[in-house]
Each structure stands twice: as C-alpha cells, then as structure tokens.
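In the two complexes that follow, chain A is the common piece, with chain B as its partner first and chain C second.
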Partner chain A sequence: MKLSPYLYISPFFILFGLVGLFPLIYTGYLSLHDWERLYYQRGEFIGLENYRFVLTDPVFLKSLVNTFSIFLMSSVPQVIVAVAVAALLDNHLHGRTFWRMSVLLPFVVAPTAAVLIFGSLFADKYGVVNAILDGVGLEPIRWHVERWWSHFAIAGMVNWRWTGYNALIFLAAMQAVPRDLYESAALDGAGRIRQFFSVTLPMIRPTMIFVIVTSTIGGLQIFTEPRLFDDTPQREGGPNHQYMTSTLYIYVKGIEDQFYGRASAAAWVLFLIIIGIALLNFGITRLLTRRHA
Partner chain B sequence: MRTTTTGPGRRPPRHRGRLALGAVAALVLGLTAACGGDSDPTESAEQQELAEGEALTITTFGEFGYDELIAQWNEEHPELRVEQTKVSLWDDWKNELNTLLQANEGLPDIVAIEGDFMPALVAAPERWVDLSSEEVEGRWLEFKSEAATTSDGQLLGYATDAGPEAICYRADLFEEAGLPTDRDEVAALMTTWEDYFALGEEFVSKSDAKWYDASGSVAQAMLNQVEHPFEQADNTVDVENDELRAVYDTVTGYSESLSPGVAQWSDDWTAGFQNDGFATIPCPGWMRSNIRDNTGDPAPKGVVWDVADVFPGGGGNWGGSYLAVPKASAHQEQAKEFAAWITAPEQQIQIFEQYGNFPSQVEALEDPTLLESVDPYFNDAPVGQIFSNRASAITVQPYHGPLYSDILGKFQEAITRVDQGEDPDKSWETFVTEVEALQ
Partner chain C sequence: MNRRPGFVVYGLLAAFVIGSALPLYWSFVIGSHTKEEANQVPPPLVPGGHFLDNARRVLDTTDFWSAMLNSLIVSSACAASVMFVSTLAGYAFAKLRFRGSNVLMGFVVMTMAVPTQLAIVPLFILMRDYGLLDTLVAVALPTLVTAFGVFFMRQYLVDAVPDELIEAARMDGCTMIRTFWTVAVPAARPAMAILFLFTFMMVWTDYMWPLVALQETETLQIALDRLALTGQGQTTDYALVLAGAGMATVPLLILFALSGRQLVAGIMQGAVKG
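Right, the complex of A and B next:
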C-alpha cells in the first residue's frame, strides 16, 4: 500500500476539514446553545429550542417559500435558455471566439456591480423598466413591493449572470457529440430541429444533469442579489421580507439580530433541505442514466 | 481512467477507513479546543508602540467630516498617523462592527458609534476602554455625556455631534403652492404637529410634490419627543404603549396623502431630492450635507432650500455620534489622545462650518464663529443661530435602552410596510412579533 496517492489528495481534505467540516460541526454545536447578545458569547445549552424557534418562525417559513420561488424562476428558464444559446453557438459562426466570450461577459461582472445596474433598472419610482412600461401604456410595477415581481427581478439578475456560463458548459458538451451522428441523421431526412431533439439533447444528458444539480445548489443559496436589491437601510429582503431568502434569513438572524444559535439552527435546517434535494437529484440521475444505458 | 482508480484490487483495506475517521475526529476536536482557547475579549490587548509605517485606525460611517482634520493631524503628528475607513451607512457598519466584536479580531483602534447604539455599550461595558479624564470633563452637553457613562462612572465614548432638529423646506415649491416662503413666517405655521400636518394637506392639494421625504423620517422625529419609546427605565421592552402607538397611527394615517411612500435612505428617496418629490424634511444639523449632496451643488435651476427655525411639538434631537475605543486596540492611549483632539470644540467648529454637523460641545455652542455662520446653499439662512436655538429648545431626552437601535430598525420596517400598502394593524402585529423575537 503506497502512501503517496493519499498524500497528494490530502491538501483538499485538510482544507475541507478546516473550512468545511469544522464550521459545519461547530454550527451544529452552536445551534444547541443560547446566545448572549450583548456580550457576543455562547450561552447555556438549550437543546432543540433554537430549532423550535426557527421552524415556527413565520419569517423563516416565508423565506423558504421565497427561496424556492426564486430558485424556480431562475434555474428553470436559465437551463432552457442556456441550452438554446449553446445550440446557436454550436453553428459555424464568423468570429466564434468573440460570440462565445460575449455570453460569458455577465459572469465576469462582480455581482455587486450587476445589482447596482439592475437596481436602477428596477427602481420602483424612477426606474428604467417602469419608464418603458409607462411609455407603452402599461401600469408601472412596484418591483420592490410586490412579492412575486420582486422574485422575478431577482431571478432576472441571477439568470443574467449564470445563463452564459451554463451555455458554455453545454456548448463544450455539444461539441463532443460525434459529427457523423448529425450526418446520418441528415441522411435519414431529419431537419435541424429534429436533429437537436433527437441527437443533441440525448447526447448531452450527463452534462444537463450536472448543470441542473449545480444550479439547484446555487439557486437555493442566493444571497447577494436579494441583499443588495433591497435599498431600505435594514436590507432584510424587503420590509415585509417579501424577497428574503433562507441564506439571507441566516445572515439577518446571526449578524444583524445577533442570535448565533438561531442562525446556526436555520443554517442546519437549510443544509438538510439541500442534502435532501441533492439526494433526490442523485436518485433521478441514476434512474435516467440506467434507462439511458 | 475509470478502470485504474476503482478496480477492486486497489480498494484500501477496511481499517484504513476507520483510521481516517479517527484522524478527522482528532482534527475537529483539536480545532474546537483551539477556538475555545480564545483570548478573553474583556481583557485589554497587550499595548504596543506604533511600528514604522503603522497608523492608528478609525472607522466612521456617513459623513463625519474628518478628511481635512485627519490630514492636518497627520502633518502635525507624523509619528502618530491616523487612517480613516468610511462606511456609507450606519446599519452596514453596525453589522460589521457586531461581527468584529464577536470574533474579537480586526477591530479598528477607534470606532464611530451611532448615538442610538451607545446604550448597548453602556449595558455591556466590559469590552470598551474607559475614556474619562480631567481634560474632557464637562466638555459636552450633559445629555450627551450621560448617555455614554456607565452607572459606575466610566465614560465609554467621546461625543462628536448632536442632532438638534429644524425643518428644512423647498421655498420654491412653497411659492408654487401659494404658501409663504419667508423662513420666519413658515416657522410660525408649524409649531405643533397638528399644524404641520394640516399645512401639509393644504400643500399637497395645490402641488404635485408630497409634503415630507419619508414616513420613517417623520416617525423618527416624533419618536425623539417620546420619553420612553420602546423601553422602560429598567430596560424592560414595552412597545405596546399608547405614546408609541399614537406616533405610529399618526404617521401611517398620513402615509398615502403626505408621504412619497419610499423608505428613507433608499434610491428612490435619494432620487426624490432631484425630482421635486417632497417639500419639507425634518432636519438635524447633519442632514444639511445629505440634502446638498442629494440635490446637487450648485442646486438645479429654480430649486431653493431654506431652514425654518422651528420644530413641531418643541425641540428634538436626532442622532449625533460617539467615538469609542475597544479593549482589543493595542494603542489605547494614542487612540484616546486622538479621539480627545478631534472631538475638541475647535475641531467640531471647523466640521460644522464645512459639513454642517452640529457640535455637542458646550464651548462650541457659544462660539461666535458658530453663531454667526450662514449657509449660502440654504438661501443664506443663519444656520448657526437657528440650530443653537433648536438645541436649547430640546426638553425631552428619550430613554434609550440596549435594544433601542434594533427595535428602531423593526419600527421603521413596520412603517415602510404601510407605505407599501400593508394594512396598518397587520403591520403593527408583525412589528410586535418581531420585537418579541429580539428578546
């Protein structure tokens, strides 16, 4: 038994232990304790009290609904549009590199800068989008007030940032599809659209699953966009928490309200939910790949 | 690839797995122990001289007006240079400060504290340096120094400015709506809140603009005249009192007619300064620089700001901050020396002239430079005299307990909810539940 292969991979595991596993366990430990706000100290052991608080807190439940709503509004259209963009980029275009780099551009922009731009687009009173709506005779939308519209605006920021990135991953998968498959499909009389659905899509299925899983995990942890979209000084996902996501709830409970125990409990609940969904994804993946094989 | 890594022959023997598990457990335990052994945050850090190239650090929020003064200090004290970090909003700095205090790591030598947060320091003074000294005794207005003093006489913060409130108004919008524009006439029309709101209703019937900048700002102005807004003298939280509810009902009652329905400090609020969004704003001294920055200097054509020497319902103080030194600082004496210098009357007068932040130092209030000061941006209003008058009109100092700042945030949210169309009673219920969750 050689030691060296284990040594080579050990940096990852040591690092993971330090910045991943330890905080995870310590968070679990804190979640079972009271927190002395004024002294910034851990208080007494109180069992599952923090979990009871979080699970019965209407604000937390609201944040869960918001999280899933924003997740659905972002991840679903994102994956569909990314596949479409990738299929378009997979053609013989002049200046290929230029087009491919262009779709990645939003990803390079810092999220904070992106939110600043979107903030002025979606401002309630003096925003650009409302000015356009007003121009074509529609009612302006109160983007920061109406719950679902605010989710729409936030999902828009997320999509703007991630669609190009996912498109490039799909593009890489599409280019690995053997060209002779298309040729024989064409010989069989399949048009471009038929080729896309019968050749391209089945061939990139593993990549599809990868992108869906990663965007699920990312989509359930959206934080920067709702935090900065809110321009009231408290920044708690709107005064009525209408677009507070669960990660934002954790931040508000821990950093703003100074209840580390409750924040830790909420973090663990969210962690378990994400694991649950990841397992679900895993199950679906296995089912699909088995059928595929 | 696949065949070489997962072939059965290469699978490590079972006991290795157990060994790895043991290693991880040891690692975790070790880390827990390491974190448990943190230094005691209530003990002073080991004091050191400033190293070559090192500077005292200070973090302020909003506009303290320190840029020029710090440059001057650094020129005069090359061995004790000061570096300022500016955070734009108090709420953001408060969160960061809380995080730093929790970690007891990375705190600057001097921290700026919003007046409303001072009670939290006084309630848990163990982490802060006692700054009392003969030099600064009697320097400040009594209510300012009292708010930073613990029951056993430690002074935890040096007061910077105070926030005596006047009413700033747009004379041009007043004129368009047929209201008087002269600042004395305007002042006579709004000595009580009833008069102020009534005048507002008259104004909005003749103008496209709203009467005030935000419901939240009027609510806060009214709160500053309530003796026990959120907490009783023994720090028990009591938000279901009649006076608070009266403020809430009044402000939310005018939400649709007089308020533009935006949260104070939001983008839409800022934009309202340039879009003739409103005509009046409760105006503590420090608000003048916000008005100037948001409206634009020089003012857009036709825009005329003015200050009326009046505040509805008597006087009121809004804000005013402190400088405190955490025990985590390794340069406490130097930090104290600098804080004492920059909060001295002479320096605060200079800040008042440049930025408008009104001094809280007794000597500065009688200074002729201050009393004779006029502000050309505000139609040459005699701002020195006006804000001095406003300071002496203050009769009520609201009681602020350790949770004041946190509850205020929730209260502002409650008002913003109503501005956005929520039923006032429902929003109040949410407020009460959220306050309960803070305890």
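Right, the complex of A and C next:
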C-alpha cells in the first residue's frame, strides 16, 4: 500500500533520469573539460575556458542573433494569426470538424519535408515566389543568400506548420469562456470587436502564456529548417552562416567537428537562455494581460 | 463567440486553409514533372504526368522502404512505451496519495520546460561507448518516456476515474494492480490513444536525433536528408526531392485521415487543462 505508488511512478523517473536528466548534467560536466580529439577521450578540467571560447566565437554569436531573429519572425506573427483563426473557428460553423482538421493539415507534414518544399518555393533561381515577385515587377530575392530574407523564409515554414495547431489550442480556450460574459458585454453596448478585446483576450490569458512559453522553448531550438534550407553541401546554415541557429552550431561543433567541450558549453548557454526567456515571457505576458483584465 | 457566421468568416477560413494546402499541392506539382520541366521559368503550376518516374528514381536513390519500416518500428516502440509508462505514473499522481507526490509532480511539470534534446553530445558519447550507434535502439532510447505524457495522463485521469470507483474496487478485494487494470486503464483508453498518436508523430517526424545516432541505417527523415543531397548539383533536382518529400508525407496523411478527429480533440483537451 505504501510502496506501490512509487512502483507506478518509478519507470518514468528511472528512464527519465537515464535519458533526460543525466545527459543534461553530463553536458555541464563536459563543458568544463578539455576534449582530446586525437585520443578520443576527456581531457583535463579547464574551468570556464570552453564558455570563454564559445562566447567570444563570432560564429556562435552570429548563430544567437539568427536564432532570435528567426524566433521573433516566427512566434509573433504566429500567435497573432493563430488567435485570429481561432476567433474565426469559434463560431457556429457548418462542418465544424472539417474546418478544424483542415487548419491542422500542415502539422502532419514533417519538418524535413516542409523545408524541402519551402526550399523549392523560395529557390533563388527557379522558385515560384521569385517568379511571382518578377511577375509584379519586383526584384527577385536571393532567399538562400541574404541573411534577413533567409530568416523570413525559414520563419515562414515554421509558421506554416504550427499556426493551425496553436489556433486549435486558442479555440479550446475560447470555447471555455462562459457565454454569459459576452451577453452582459453586449448589454453594456460592446460590439463584437470590443468584446473580443475586453472579454476573449483577457479570458484566454493562461493559454496565451502556455502557447508563448512552449513556442519559446521550441522556437529557440530550431534545427531542421536551417540545416536543410542550406543547399551547399556543408550545411552549416549558409555559406556565411547567415541562418545558422545555435542548435545547429551545437551539432556542427559537437557531432561533426568533435569539439565536445565547446559544443557542451554552447548547449548550456542556450539551455540557460531558453529557461530565462521562458520565465521572462511568463512574467511579461502575465503583466500585460492583467492590465487588460 | 457563438454566432451564426456570415460569408466573411467562411471566406477568411477558406483562404487560410487553401494557403495552408498550397505548399503540399506545390510538392505534388513539381514532383510530377521531369527535372527539366520543374526548373523552367516560370515554373509549372499544374501537376504533370511523371510522378511514377520520379517515385522510381526516389526508390533507386534511397532505401525508401527500409527507412519507412525503421521509422515505423521506432515510432511504434516509443509511442507504446510512453503510453504505458505515462498511464502508470499519471494514475498514481491523479488517484493515489503518497508522500512527496506534489513535489514529484511539480518536478514533472518543470521538466516539460527543459530542452533535454540539447544534450546530444553526451547522448552521442553514451551511445558510442555502449556500441549502440547506428542502431534503432539508440534512436528510440531518448523518447521512451516524456514528461508531457505523464502530465497529460494525470490531467485526464483526475476527472475520468471517480474516486468512489477505486474505493469500490478495493472493497471488493481488488489488489492495487488489479484496480489499475480493471478501473483505470479502461477509463484512460481514449487519452492513451491520443498520447500514442502524438508520440508516434513526434518520433516519426524527428530529424535531429536520428541524424546524430545513425550512420548507415536510415529513418524516413534521414532518407529525405540524403535524398536532398543527391538532388543537389548545378541545379537542384527538385522533381526528385519533392517527389520524395511527398512520398514521405503520405503515411502521415493516411494516419491524419483516419485519426484527425482524435488529434484535434487531443490538442484541444491538452490546452484547456494545460
């Protein structure tokens, strides 16, 4: 009786400890050590030397800027559009299930397939996006070369895959809003738009926090898109690392170049940034939405 | 906001849905043309008649079927394991009283925010030291459990199983484990199916970890990775690459057609309670 609850939860904690927690701590340990690439073994304790290297490595710093740029270009429009789509879905629609399933369609396309498709849409020479730009008399854009435009294209595929998913989450929250709140707002003379801003938005605040925090955690670890968007064989986020993200940096440094210590230090830096931003997001979202309510 | 919507609402939704479907349509358009046609300016806008030729080229350049089988094995194994372990733990957290349960559950929730997948370097070293590199076991290991799964099952079981039912089963002399099997599992079945589906898709679409753990062996995503490389040259062979991307998407589209409702329900359920 006293023992058995622990038996129920122990498989999770044992396995999670082995494949989740331990590697994370081990990463911290490795980040404080040199790594003898020649002998393939751990070198001596070198304190924060790896962190010093990573934080002064222009490529890592560039990757951090890229990570944030792509993250902002994907998360902000994504949340706004998702809330809008959710508001549309939150009506007495004919074919409710059809619409809900339809907005979710991109989610079942794996990121690898998505980036290959978008890589072709945004191809520098023969892409359909450039063909359209050309058709309306604009200069074609070198999507795989120019730094901010490449971020735009990458953010586009992330948004494509996740907007509908987040819209469904917002929809669930909107449907949980008590209907009489709308009725009394309508009695007070609030129109539909006004109701949306003064009833719906404050009421879905916890869900906003949830979505923003989870999209932060995911958005700062983007890897598949920048790696496969690169059509040079090195695949390090463009010839000048224009769109190399920090996760890609960890992969290139750690797995390809086998600088295990440095890659581990980079992983911990990114790890701390993600946790920090998630907490910050949590605080800011609470503050902002509370003022509305 | 529960009103009869006008055509504006339908129009906007339709625009969004069509926009969402266009990239998939595009992959089929390009994937059904020859390499030369696909690289024309302006590009073709309607499907051509060469999809089967391109599909054959995909099968010639990659070990597509064995990659798909590998994906199926790994995804099913992880999904089954996550489902089983999460139901056990979720039940204990939802329905059993024990010392430290709040602290431990808090720990589970916290770890959902921890990006454990950043720890690829030590995981890679561990797999190498234990001789697991390039095996499906290595691909599956890190996703045998997820904190999200435990959280999800706990949230579901709190309401799905009335405490009286557990009491009654115990009065009837059921052991703890029998109570679990005869009361909790039947009630948990819908949530278990959704959790299986989610984990399956998560593992199926994962790219980074198989890329680290595998060398010769391929999952579907790794096969696509290799395909994209062979498609490169003076001009990228998008007909080949997009035919492959389309073929790799078909299994999930089938899964989506069969269980899209559950997927939608799962996302919306997880949200309200999350």
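Here is the rule we use: the second predicted complex is superposed on the first by the 267 of 293 C-alpha atoms of A that agree within 3 Å, B and C clash if a C-alpha of one lies under 4 Å from a C-alpha of the other, contacts with A are read in each partner's own complex, and residues count from 1 in each chain.
Note that a contact is a pair of C-beta atoms (placed from the backbone, for glycine too) under 8 Å apart; a residue touches a chain by one contact, two chains touch by 3 or more.
Computed from a prediction, not measured in an experiment: that's the story for all the values here.
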State whether A:233 touches chain B only (first), chain C only (second), both chains, or neither.
both
Which of chain B and chain C A:275 touches, first, second, both or neither
second
Touch test for A:57: chain B only (first), chain C only (second), both, or neither?
first
For A:85, decide between first (touching chain B), second (touching chain C), both and neither.
second
Using the superposition on chain A described above, determine whether A:26 touches chain B (first), chain C (second), both, or neither.
both
Mind working out whether A:257 is in touch with chain B, chain C, both or neither, as first, second, both or neither?
first
With both complexes overlaid on chain A, does A:207 touch chain B (first), chain C (second), both or neither?
second
Going by the touch definition up top, name the partner, chain B or chain C, that contacts more of chain A.
C
After superposition on the shared chain, which partner residues are touched by A:145: those of chain B (first), chain C (second), both, or neither?
first
Tell me which partner A:125 touches in the superposition: chain B (first), chain C (second), both or neither.
both
List the residues of chain A that touch chain B in one complex and chain C in the other.
1, 21-22, 26, 119-120, 123, 125-126, 231, 233, 255, 260
Which bits of chain A are touching chain C when the two form their complex?
1-2, 4-6, 8-9, 11-13, 15-16, 19-24, 26-27, 30, 85, 87-93, 97, 99-106, 108-114, 116-121, 123, 125-128, 131, 135, 160, 164-165, 168-174, 176, 179, 182, 192, 195-196, 200, 207, 210, 213, 217, 220-221, 223-224, 228, 231, 233, 247, 250-251, 254-255, 260, 263-264, 267, 270-271, 274-275, 278
Touching residues (chain side chain C, partner chain A) in the complex
1-5, 9-10, 12-13, 16-17, 20-21, 23-24, 26-27, 30, 38-43, 85-86, 88-89, 91-93, 96-98, 101, 104, 108, 111, 113-126, 141-142, 144-145, 147, 150, 176-177, 180, 201, 204-205, 207-208, 211-212, 220-221, 224-225, 228-229, 232, 235-236, 238, 241-242, 244-246, 248-249, 252-253, 255-256, 260-261, 263-264, 267-272, 274
Which residues of chain A touch chain B in their complex?
1, 14, 17-18, 21-22, 25-26, 29, 38-40, 53, 57-59, 119-120, 123-126, 142, 144-145, 231-236, 239-240, 255-258, 260
Residues of chain B defined as touching chain A within the complex
12-13, 24, 27-28, 31-32, 35, 41, 89-91, 95, 98-99, 101-102, 104, 120, 123-124, 126, 260, 262-268, 271-272, 275, 402, 406, 409, 412-414, 416-417, 420-422, 427, 430, 433-434, 437-438
